[in-house]
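Note that the chains are named A, B and C in the order they appear, and that numbering of residues resets to 1 at the start of each chain.
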Amino acid sequence: MATLTSGRKTVLRRELEAIVGPGGVLSDPDELLVYESDGLTLFRALADFVVFPTSAEQVAAVVKLAGREGMPFVARGAGTGLSGGCLPAEGGLVLSMMRMNRVLEVDYANQLAVVEPGLVNLHLSWKVGPKGYYYAPDPSSQQACTIGGNIANNSGGPHTLKYGVTTNHVLGLEVVMPDGEIVWLGGRTRATPGYDLAGVFVGSEGTFGIATKVVVRILKKPQAVKTVLAVFDVIDQASAAVSAIIARGLVPAAVEMIDKLTINAVEDAFGCGYPRDAAAALLVELDGLRVGMDAQTERIVQACRDAGAREVRTARDETERALLWKGRKSAFGAYGRVSPAYMVMDGVIPRTKLPYVLRRVNEIVAAHGLRVGNVFHAGDGNLHPNILYDPRKPGDEARVVEAGAQIMRVCAEVGGSISGEHGIGLEKIDFMPLIFSAADLAVMQRLKNAFNPTGLCNPGKVFPTKKSCVEVGPVAYKPHAIEETGLAQRF
Amino acid sequence: MARLAEDTRGTTAGPLALHGLSVEGVNQCVHCGLCLASCPTFAELGTEMDSPRGRIFLIKSLAEGRTALTDSTVQHLSLCLDCRACETVCPAGVPYGRLIEAAKAEIERARPGSPARRLFRWLNFGILLGHPKALALAASALRLYQVSGLQWLVRRSGLLRLLPGTLPAWEALLPSMPSRRERAPLPPYIPAEGPRRARVALLTGCVQAVVFGAQNRATARVLAKNGCDVLVPEGQGCCGALHAHGGDHARALALSRRTIEAFEGARADAVIVNTSGCGAHMKGYGQLFSADPAWAERARRFAASVQDVAEFLARTPLAGPLRPVAMTVTYHDPCHVVHGQKLRKEPRQLLAQIPGLTVVDLAESDWCCGSAGIYNLTEPEMAGRLLERKVRHVLETGAEAVVTANPGCILQIQAGLRARAAGVRVLHLVELLDRAYARSS
Amino acid sequence: MQDALLERLRTAVGSANVLTGVELSPYVVDGRTPEAAVFPGSLEEVAMVIGLAAESDVPVVPWGGGTAASVGTPAARAALVLGLRRLARLVEHEPGDLTATVEAGMTIAALQAVLRGRGQWLSLDPADAERATLGGVLSADASGPRRHLYGTARDLLIGVTVVTADAAVVKGGGKVVKNVAGYDLPKLFIGSYGTLGVIVEATLKLRPVPEDERLVALRFARLKDAAAAVRALLASDLIPNAVELLDATAATALVAGVAGDAPGLGKTLAGAPPATPPPTGALLVVGFDGLPEQVEWQCAELARLAAPHGGRDAAPLASEAWPRLAAAARAAFPVATAMMAFDVLPTQVAELMEQGAGVARARGLQTAWAAHAGVGAVSAALFTDGEPREPGPVAAVLGEWREMARAGGGHAALEWAPLAVKSQVQVWDDLGAAGRIMQRIKAQLDPKGILNPGRFVAGI
């Protein structure tokens, strides 16, 4: 896209204001600055405009304008994503959905709700909580992330082991297509005929269109919940315990693992009661009927002990339980206390390969002279090695990127995948060929073409593109040290 | 075009600062965004620049020279309430309060604004809040304004709407001014009732002493009932909190030193504060003076002795007997108690010990009411929106009274409820405790 | 079909695996006989066959067990049947990961038998498990009563290998239960009736076999009372794995049997046969699984919960009932005249069942209704009682049924009907704008339109 002249920018700004109202457009460089990153500050991209629509019709009008101008556009929620997915990689428009944040309707009898995409995930559970219901997909950032963002990344969270991910809880979506048409994909019924359009839209990382309403399932809160903390002196034992629990015929609601470095960071931040000298801790949660819960909990305790746990504790009440979970959910941010910066990796592997992969991860990071804190959804094999580094130390950033790449290769080698939750976005484009053949990628591209033939909807994401010639963008190009060493590319 | 972030941190020499005021804390931010959902201005506006993460980013960009203090940057930073709700949820421990105070100081230095604005600030921070006598004079004048009937005339006649700037907002906030007698200062020493368990010094505050002297007296009584010898050191005045939060850094330092000096002589086990903003600010004296070798240790020691009145009283069960207070109340957490000092359960523990009292939970109880120091005077529109939200939640509880612990909150919420003719009262926590004790003597 | 093509097919898969002439009678659909039926023995052979067909512009119809082969708009041309029954291996089963990779031609029953032997199972229980193959079940999105708790194919499929219309082998998803790399291609193929690619292999999530499982049947004098009990059940803390609502006709067939068809479930665990409901009544069948104490408690709670709504005679059903439940409406008649499937909101189920029966009765037609009441999936069988009749009244009833579902925001699909009826009643709902997107997807993945053309929604 060619650079906008200031004259053209003024004209467009007025047109956009006519659509979303005068308080709904940002075009001032100072104000655009804060929108250049999501939760991953490694990547930055400046938009030409950020707009704040409040209805599907406004979204459609903005998208049509973008199409007319040949301008790329991308939707953004709370910007807590970790793969650069909502960055305007090729400039253009960012549509912040934060002002479309209402719960439109709740139908308890049919266990569904209709919400706007800017609604904060946890707020939905708060809304339906008094009647005894909740929204199951619970990413660690759920107190800030939005339903729309969850749709883009098919977000998970600790409870996906038993309850699945976002796509298993979405019945339908009202979507503004890249050509500006407003369409319903799926609906309110549990199944709709034809291709599962809602199913492929979820997880499409904002490249198929912009959701403006979402029909989600809400579930009855379980009658009882039991949370168990198991402490291990050897990290392999913790990994093995996970498989042992599953082998005993139990499907816990969640099995989370955190390592020593993480435990200490979290204890510094919140004092949740994790033992600081353990090599690893397993947080196992069971939910369901009160009848039989004690028997099932006992089996978990046994499985952990048999795997070598030195201590197994059951949370005595809701307060203790909440505190244990608080530590786990804030782990990412707590790393900020032990390191000026860190890179969150996201990979997924077959559960049975956990001990091997964890060992490899620790080896790789150590070989690069860095530290790593591991926290992850052990129950479904989704790892988050967090590589700690200092951006002021020369070469650290390059080493982080290289270590990350090697970790991705290990995940692919053992039959896993390069993203369990955070999506491909900008961050992992170059790793797609590790797990997908050219034919696989071609089919995905063709699917995208069916939705987004012009390619204006969130370009530059998910797929490896050819290295483009140097283009003059809104900001002058200066190769970064990492690019010069050939470890990463521009697009 | 998207590109990998340039390492601009390496290009700035030395630690990050805004004209000498350190903002190193911005580097602790990992950009996770968890703060967004707890920020009242973000909830109202939805724009990233009006969120803690966005403001941290702006401050960082300012310190790195990536951006300048443009109108919009000043506006977004000024809209910050400094309620520090973000600090409560931030897992990385970013000291946001200190960052925004440095930013506001920098704004005052670089862009002091129109002559009228500068006059207002000088009158406020330089005269009124710096000198107890000036405040007393203003209080007498306002009292005259009220008892002479002039206020009634001004309000009824619609003259209010003709007043310039933020004067109408001021006017709406005015409580009934106490009489000169009611404003008489506390005696310098109030002995404990019964066996003495502690020796404490009481901060009587600035606005607090003049408008809410009754609360100071209630505080002294309750402390005395709980075995405390209460000292009220002379020479104390404004602790500098309003100045620090409002960006007047120089005066904040001067007043803080004066406060430390006034209280050091008392040699008390603890310095008790019944106003949330003051307590939080004074607990931070150690950081405020960390770069000043002459004051660093003194300030740190002093700060360690500061306790909020609820924090102090909640350490042990209240001395009895407490008589029943048959009321339904709800509790509003002042920002600088719940976020600034991390005291959430202490006030509730105290309320639970008052027999006959029914306490109903307030939705968003730890959300700012919009008072935020003098924010309701400088940013009346946003303050109004947040007040509206708070009043709505209060009315939803059906309580007869809102209990809280900060003069700013009391004035703000009182004004909001009065505008709705709601008939709900606003009380300080110590007043309720005082009432429970009064009925027993 | 040209002889040249037939020869090349024989060369590709072996002469024994190419059927022509009279051997094709099992593969006749809507009165149309296919050109030939081919049975490749490997993934490469599947790709070769498709390549050959594409070259010669011959449509291809993937075929598993043939259980859903008759679903769809009558085809315009004779096609080449591509049978998957020779690709029937369990490729990989990783009990510690609770995943399995299976070739598309394996029957559900065969797969379950192997898995259960190792203490695990695939939580998918469609009808005709002995005949239905995995590939077919995925392509038709078939499911059974346990979908109430365990979901359907979209909740279980984590990876898929397909051969696309240009004979390329494409993989979507992976082998891990959580995966957001790239687009969710597996979802695209579920319920796509083979129109986007031929599924050759699939990786699925498994579950441990529950320790105990039980079915309980409760009789109601009125369907609306049973519906009220269902509402109470769904709002309770109970965790049923199946919630089946059968009208009197379907219930009688289930319990007492149908002449000439499978015998009734006379025997129960307790020895006494469950009572059949009166003509206006209904049977509610609820399944529970888990630890024995959990099943016990829930069965007792169910009876307690249903009693105020008139639920009587709670009786356990034998495990033989499970496969019968998956096709309860169809089994009510020796040969149904038409079968329609609906997706509506759970709160609309009972009304649809009652009003639908009324509409048919008014035209002198009998019906049987069965529903997975907790998920709003309703199945209806229409019966013309003896000699074939004019298609008119049948078509009219089906049209009214479709309109009832649509009015509530739901959908209807004609699963089976004679050609005469299909010429008057659309098989699929009109999907509007969503249908146009589906057409674009089809055009992208199968531009020549050789995979099962003309049979699916939106004219695909």
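Everything below uses one rule, namely that contacts are C-beta pairs under 8 Å (C-beta built on N, C-alpha and C of every residue); 3 or more make two chains touch, one makes a residue touch a chain.
Computed from a prediction, not measured in an experiment: that's the story for all the values here.
*Asks:* May I ask you to sort the chain touch graph into line, ring, star, complete or other?
*Replies:* line
*Asks:* Return the chain label for which the distance between chain Cα mean and whole-protein Cα mean is smallest.
*Replies:* That would be chain A.
*Asks:* Where centres are the averaged C-alpha coordinates, which chain has the largest centre distance to chain B?
*Replies:* Most remote chain from chain B, centroid-wise, comes out as C.
*Asks:* Whole-Å distance, chain A centre to chain B centre, using C-alpha means?
*Replies:* The answer is 38 Å.
*Asks:* Roughly how far is chain A from chain C, centre to centre by C-alpha average, rounded to an integer in Å?
*Replies:* Inter-chain centre distance comes to 34 Å.
*Asks:* Using mean CA coordinates as chain centres, what's the gap between chain B and chain C in Å?
*Replies:* Taking the mean C-alpha position of each chain, the two centres sit 65 Å apart.
*Asks:* Listing for chain B: what residues touch at least two other chains?
*Replies:* Within chain B, no residue touches at least two other chains.
*Asks:* Indicate the residues of chain A shared as contacts by at least two other chains.
*Replies:* Residue numbers touching two or more other chains: none in chain A.
*Asks:* Can you list the chain A residues touching chain C in their complex?
*Replies:* Within the complex, chain A touches chain C at residues 107-111, 153-154, 156, 160-161, 164-165, 167-168, 177, 181, 183-185, 187-197, 199-200, 202-204, 220, 222-223, 243, 246-247, 249-251, 288-289, 291-292, 295-296, 348-352, 377, 380-382, 415-424, 428, 432, 435-437, 439-444, 446-451, 462.
*Asks:* In the complex formed with chain A, which residues of chain B make contact?
*Replies:* 1-7, 9-10, 27-38, 46-49, 53-54, 57-58, 61, 66-68, 70, 72-73, 76, 89-94
*Asks:* Under the touch definition given earlier, write down the residues of chain A that touch chain B in their complex.
*Replies:* Residues 26, 28-31, 33-35, 37-45, 52, 78-80, 84, 87-91, 96, 98-99, 101, 118, 120, 122-123, 141, 143-145, 269-270, 330-337, 340-342, 391-392, 394, 397, 426, 460, 471, 473-475, 477-478, 480-483, 488, 490-491 of chain A touch chain B in their complex.
*Asks:* Taking the complex as given, what residues does chain C use to touch chain A?
*Replies:* Residues in contact with chain A: 94-99, 119, 141, 151-152, 154-155, 164, 168-172, 174-185, 187-188, 190-192, 196, 207-211, 231, 234-235, 237-239, 290-291, 293-294, 297-298, 343-347, 375-377, 409-411, 413, 428-429, 431, 433-435, 437-438, 440-441, 443-445, 456-458.
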